[in-house]
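Below you'll find a set of structures to go through.
In what follows, chain A forms one complex with chain B and a second complex with chain C.
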Partner chain A sequence: MGLQTLAFDISGSQVVVTRPNSSELGQLSLKHFADEPFMRNFIVSSAEVFVLAQKQFKSCYPDPVPQTTITALSQMYRGIILELVQNLKDVGDLETASLYSNLDFVWNFCEIIFLSSNPDLPVLPYLIDWVRINFDQSSKILPEVQQELPDLGQQCIDKVWKLIYTHVFHGRTREAAKLLPFVNPRHGNSNSNGTGSSASLKNKIDLMTELLEKKPRYNPRTGSFTDFESSWESWREECVNRLDQRVFYGNEQLTFICHVLCGNDEGFIEARSKNLLTWYEYLVMLINYRFPVVRPSALKGYARKVVTEFGLGDSLEPRDIILFHAMEYDIVNVLKEIQTVWNNPWYSIHFVDLIFAGGKFSEVTDVRIDYSSVPPLRAHFIIDYGTTIMEHKPIWQIGVPYFEALEEPLRRQLIGKCIERINPKTEMEAQKLVQIAGKFNLADELHGICRKVAVDKLQCGQMQNALLWAIKAGDNPLTTHIVDQILFEGDCQIEPSLLESLRNAIPCSDRLVFLSGFCDFRKLMDKHDYPNAVGKLCQLIKEDMIPKRIHHKIIQHLITLAEKNVKFRANETTILMEFVHMQVGLSKITPEDFTRLNVLLVCNRAQEILTMFNNKPFKQ
Partner chain B sequence: MFVARGVTSGHKDLIHDVAFDFYGTRMATCSSDQTVRIWELHGEASTTANWSCTASWKAHSGSVWKVTWSNPEFGQVIATCSFDRSAAVWQEVVGKANVGGGASTTHWVRRTTLVDSRASVTDIKFAPHHLGLVLATCSGDGFVRIYEAPDIMNLTQWSLQYEIKVKMPLSCISWNPTYPRQFAPMIAVASDDSTQDVPKVMIYEYDENLRRWVHSESLKNICDPVNDISFAANLGRSYHLLGVAGKDLKVVSLEPQSDEEEDQGQRAHGIKVKTIAECCDHNSTVWRVAWNVTGTILASSGDDGCVRLWKGNYMGNWRCVTVLRSDGTLATDKLASAAAVSESIPDGGFLDQQFMKLGAIAGLK
Partner chain C sequence: MMNASMMISAMDTSLYMDTTTARTLSRSRAGPSAIAKPKFVRFTNSTQTGRNVSKVRWLLDNSYMGVPDPYASEYFVSGSWSSVGDVNDICLWGLDVGPSAKEGEKDSKVTLITKAVVKGNVTDMSVLSGDRFCLCTSDGALYVYKGNKNRDEKFVSVTQAAAGQLFSYRGRNSHATAIAVKDDVIVTGGEDGSIVECNSAGLNVIRRLERVDPLSITTACFVGRNEVMTGNGGGQLKLWDLRNNSNEPVQILNPNVLMNNLYGVSSICQHPSQTHAVIVGYQSGCMDLWDMRLGPECDPIANLAGEGGSLSEIYFHQINSDHFFSCAQSGQVCHWYPGERLSNPLQVPVEYTTDLNIEFLKKGLVFKEVHTSPFPINSMSLSRNDRIVVGSDSGVVFCTEIRV
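Here is the complex of A and B:
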């Protein structure tokens, strides 16, 4: 020893460290994610959904929570993320907005794979929705179009065509069909190619509209996929016929669209070359027009081909890595990658909890997910996230419902460990801690918390309050200590409300019982109810509860009684005499007081004897 | 990711230990200048908070090596240990409020001095509070001493309950903070002795039947000098986790083998020991280790001037998640670069969308 060591300590998000070769300290405050803009709200809202999910789980148990409910919960979480994205955009933080936007993108895809789709049925409808949500430009372009109506300039028409293409790529052919009329310039418009062409164009548009509107749609909840498959085949045949019949000849755009609908290479290559597609949209286009009944587990093969075609194969972005793990149903690696991008267990805990609640993978056999990994994953992330939340003092209470979602004994242990570290600043906070400790049967922690508050109050000189908390803690030594202080150093005044509590509380200390009795005695004295006061005092003496240090006060009271010429009953005199002579003794009272008391007691006794003698019938 | 600030400590010599109280709002430091200083946090414990020194006193007649806080239910109590072969317990006492109505003053009072050691006392730690007000010290004379204050209202009375002879100069000690009634009380103690091929970390457990501390295990694969050890809170695991700071950072799991057989009243105690992580990221001597409250994060400091935070995944693999330099600069953190996900979604990536508001889903509430 004697070398400079780098000593440090850590508490929540604070680290304090000694600096090498110096007597300075470094204070490092890690930024807690709850302090970031809009995060407080984000955390609270997610906790509400989490609690809802637990309620659903409990009420459905032992059955799994229905898929529709799980999907709805997942969409609630996504709603929260998107609200955050919007808030960030509103204040101009586009970089962070982008991060969360990507997270939503990924969550949405994972929702499809793990939660909402059925592994045995076509995944296409979900994919269509996914690309629609993330790549639909309608809300940007349509208002511009609106503005230019009824005469659209060529630039605008080009934009409309692009939008139509996108809708077609996405498989949203009906939306594409709705936009077709806009690309037909009006009769007599100087931008048109002449009256004749717009009529033939209109004809082509009508034919295309028909094709687009007839594209079969599949509803996984109601439709039969074999029906869908066969109607899709006939529809595609019709598209091919149209193409062979060259009905769109002369119009590049419509011919191109037809190629795409037929799912042939020419169309796809041209689509790529137009640079309007991300690989996600290309994948969906592929599924739409070539493999419409593909199941979720088969996606990865196609995705790999697409990604290679786009030249991204070697350097996949984190976002794409996550999608590929999802397509492999590899939940562990999905969560691991997300954790690398966003070092926060938020996503992991909330998502894996939904998988846990849905529980459907226990029945599925052709999917490689290892369901046995889900419960421990969930527990791990709950502990991780819950600890992070409880370490942030302003929002610690939000951590409790997360730990509550664990099994015993982990639940109690974690809650206990964490609430021990909360320093209650107000009475209300202390009560809240007590309430939580009570709810989870955390007797030790309850004792510790109450004791700690009692000790704090004691240090501040709030005796009465300290006593209340010591009683709540059920702590004998502390209670005795506080009562002693009240008795000896204070003026023994106890508030009436506290007195009531004393009476109702289970006495955890003899001293407490004495205090209660002594207060009653004092009350009787104050009311000048001297006979009863004396009775009470004698009771206390008989029960041998009076602490030695308080004897002198008792003597004072006796002297007061003497001055009031109170009459004692026989047995009372005996008790009092014994008390004064034996217990108190000459050392504690002045000789004058001793004599006075003695005289009074002796006189009283004599009086008693005389009265008794006089009243007794004389025996011969 | 973090904000760093310097705190002028006022110590006149090297600071050997710094310890937060249970809540992270007070701090104690101790130094070769033989003094102890108490610090208070002002403002929210966030990036804007400030530490100020509220007490300072000469605690020993030699370098003060360690300082530690008791559980707050015993009041504001700290313990220190020193090169001067003694350990001491201190308590904060409130003076009477000023007549003028100002805040009452507090000062720290020496409650007891423990002078049983024949050599420098190198570490001192309070036991988990469910064991009462109990202290353990370890010293250069190879002894672990366990003291108890039977009357927790009177901190001047401490009695030496147990003395454990370890036969090696000791550098550090750690109580297992584990949840009561599940496991026997357990202590780990270690030595920074450089004798080769001799295990440096020893585990002791309290045997209820024999009413004494019994040596359970020596960690055979740790033979280099150990500077610090720390048990994690054991929540829901069947094994304990011990962080060991020495030439590198190790995380060791200790799994008590409970034996149901009662062989002539003796219960065979075995502990299965496994090194589950060996981290060399510091690339130098590791000085200290500390766990967070739920045992999910391990922090370590090393001669490379860094404090590293480690997190275990659910498979039990530990990796470094944050690196903090004590001089306030952020070491290149591989996470920081990964966080910047480049945007390849075309402009339509974030659109005004109708997102679902809470509570709009029928049938769930």
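Here is the complex of A and C:
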């Protein structure tokens, strides 16, 4: 079976079949993917509606989203398709345009079956809408007629008749009634041919108008179904009576219309012979005038019959196959076929998500309808579509809300995997990734991104910036490494104010704590606040945080202290003595320095002992 | 000293309720008919640019007469980032607003007038006089363009400072990230912590402060004739006096660490009349109000906790300066204004004897959502005709009217 025989121009009655093959379709979607503003608009707008749908779902949970909301959302999606179709037409890509207008046609039908109609009520009003949207030509013909007013030529009158016929076939009898006066141009015109036909035609038209206007309409929201059934019966009786009374005798067109209204075989056969109908329209006509109370689930039998009558039984187009699957409520096959034909998960994801939100799958009352596969299908298509979008670098952020709609742990895994692939070049890009990673608690990814930036900064020689990012990453070894570099190579150059903010970060590395303490010490030294400086130093020594490589720097500072003749407190002397003798040792210091320090420390100790004795109250 | 922060949760939706609903529902053929009629009908316009929008700016409206004109035609420029091939667009757009066929409504149309390409991401943009604007890129280059509102003429790149000239390290170009403009002087900051002062005419470098900030500069703003305030990736604000010989900032304001730990500054915005007051937005989503007169080591006067999500830009309304606007990576565009009653004052440090005449300090602050998008909003701009334009990562530029 030929798969892609579906692109045809549904706006005209003439069916134009084009056959793009699947690889071509792939090309098309690649060609347009995201780079054309309108294609991006298509992707972004549908993502926006998708987000809206998720919001509705969340706010209603655990109840399903109300049907009216679901239908409104579905209509938004279709609006997006039509916007795309228009844009494609504008750029002259008619082939793709018709491809997508077909998608709308199918979506519309599936919307009726799966989303908007009630399985226990007549499906007719939805079908009337469906054929109107797709096959109505009044917007094309009416302006032409308008131009020729008030004098319509025979050609124009024929056109009007055609339009009236299609309105009648589509079940939109009130619109047909409005057009009827146009087919009697001589009426009201004084210079009539004197045949009198005008007056009698007027009479007939009035009768027909009355019939057409009286046709009962069923409103699925408010109307009572039994009322509709009885009023329809009586209306049909009236039609049959008129026909029996031969009131339209002599006017072929009106008689034909009346036959159709009565649902006569005669009228139906003639309707088909006029070549004005696709089988979709014929099906709707059949239901309109013979079986107006058909439920959606019974549609299939009539459709089969119509297709056989049209001789299409063996050569159905993929699109028709999809419609038949829909009539069977076979959502799996609908999605499968659409996926094969359009080669793009766009439809499947958004449609199945609506079914999911509508919650029908959770209350499977009808054994014929299998909705149990909806949740796994939804997850599958979200993954498919989301990954496709994420792979396209400029729009990766648009994929995030799709993954967000998944269940844990899949959600985090997928977002993690996708942002892992993105390599931030600037801090701004990194920041965007950090935000997403933070939002979904992706600690590993967060670590990875910040670490990457830190390493980059290190390469650029921006030690302190690298340090900031390493701390953001929470990467202890890297932080230690950078702090070491700052301590040993950069001469402890770190901006005090920066340190201030870094210190308030979680002290994730011993070295950072030391650096912070050491900088405090230096700050105190610079301020000539020696007593406190010594206190700070002793604290550092006591906590055993001073790296060996920094010992000589500490000794230098001690010597400075010695030069200033600083007084130490008791325990400080002990700590410093221990530090100089045990930790640093003779080998690291020049003998002179060692002696000087020793002298300083011993003097301090001696002085302490003296003060101690002096202060001690003598017991008498 | 820590400021008690205020969570602003009172959200008033009455004024802008038509935002998203109207836009999305208008797509459907038969949307629900009962959409509540908003009090103030404003136009909204969403235009897809096809690229991730990093910056949008209104050009100066030369015909502005001192009173906002709801039907004025205006022009704005947009810059993109993260495009395939690292070539990005700069677009000049025209906005036309006219009365609609429907009573009391307005029709708006955004049209692309002309377009130029630039290498690297557009990282910041600022308008100059005479339809000119300058922008810097992630390649470290600085450009001045003249936008010709005339449809037939091409965009003219007036001058351009080569990438290597401005920000580079060991032969590698560093990213320029921030731009600030005062009269004819342009100051740009880079990710390497350098600050470069140029004149807009020839882009000749007047002053170069090489790697003066150990962290990357994320935003810059002129706060005086010769004073530039920069924000860095660690949340610090530094005030530089361009007349000063030393390479040291004259003032450093450290962030409120409990709220803003390790988050960078994303936007600085100066009060239009009380120029010593600035509102600073952080990547944490917080906004701080600072009084620069308090000197170094002071705390912010007020700490405004936002809705979460990194703030992108903040702007004061130029005339009604008690109102300000913010946009954030979370996709929100908010209009902030003083509350109705005196019941909800912002908590200000006790020792701060206020002589700052800012109404929301006394009355409390409320906000309305002007626009929401599920995608990050990177930039916005306010025009003198009270229009707002917003650029987001979805590629949409959204224009609407504001009422203060």
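By definition in this document, the second predicted complex is superposed on the first by the 452 of 620 C-alpha atoms of A that agree within 3 Å, B and C clash if a C-alpha of one lies under 4 Å from a C-alpha of the other, contacts with A are read in each partner's own complex, and residues count from 1 in each chain.
Heads up, the rule we're going with is that contacts are C-beta pairs under 8 Å (C-beta built on N, C-alpha and C of every residue); 3 or more make two chains touch, one makes a residue touch a chain.
Everything numeric here is computed off the predicted structure, so don't read it as measured data.
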Q) Regarding the shared-chain residue A:531, is it in contact with chain B (first), chain C (second), both, or neither? A) neither
Q: Could you figure out whether chain B or chain C reaches more residues of chain A?
A: B
Q.
Quick check for you: in the superposed arrangement, does A:38 touch first (chain B), second (chain C), both or neither?
A. second
Q) Who does A:426 touch here: chain B (first), chain C (second), both, or neither? A) second
Q) Counting only touches as set out at the top, which of chain B and chain C does A:471 meet: first, second, both, neither? A) second
Q. Now for A:462: first (chain B), second (chain C), both, or neither, which partner does it touch?
A. second
Q. Can A:375 be said to touch chain B (first), chain C (second), both, or neither?
A. neither
Q. A:250 contacts which: chain B (first), chain C (second), both, neither?
A. neither
Q.
Just checking: does A:317 make contact with chain B only, chain C only, both, or neither of them? Give me first, second, both or neither.
A. first
Q) Of the partners chain B and chain C, which touch A:393 in the superposed model: first, second, both, neither? A) both
Q) Common interface residues of chain A with chain B and chain C? A) 35, 45, 48-49, 52, 72, 75-76, 78-80, 83, 133, 393-394, 460-461
Q: Over in the complex, which chain A residues touch chain C? Could you list them?
A: 35-38, 40-41, 44-45, 47-49, 51-52, 68, 72, 75-76, 78-80, 83, 133, 393-395, 397-398, 401, 425-429, 431-432, 435, 460-465, 468, 471-472, 494-495, 497-498, 500-502, 504-505
(Q) Quick check on the complex: what are the chain C residues that touch chain A? (A) 20, 24-25, 27-32, 48-52, 54, 81-84, 121, 123, 138, 169-170, 172, 174-175, 177, 191-193, 211, 214-216, 218, 233-236, 252, 254-255, 257-258, 261-262, 264, 283, 309-310, 329, 373-376, 393-396
(Q) Using the touch definition from the top, list the residues of chain A that touch chain B in their complex. (A) 1-2, 4-20, 23-32, 35, 45, 48-49, 52, 56, 69, 72-73, 75-76, 78-80, 82-83, 85-86, 89, 95, 97-99, 101-102, 105, 133-137, 139-140, 278, 317-319, 336, 340-343, 373, 376-377, 379-381, 383-384, 386-387, 391, 393-394, 406, 409-410, 413-414, 416-418, 420-423, 444, 447-449, 451-452, 455, 459-461, 477-478, 481
Q) For chain B, which residues count as touching chain A in their complex? A) 1-20, 22-25, 27, 29, 31, 33, 44-47, 49, 51, 63, 65, 71-76, 83, 92, 94, 97, 104, 106, 120, 122, 129-130, 151-153, 171, 179-180, 192, 227, 233, 235-236, 287-288, 290, 292-294, 296-297, 299, 301-303, 305, 307, 309, 311, 313-314, 321-322, 324, 326-328, 335, 338-346, 348-353, 355-358, 361, 364-365
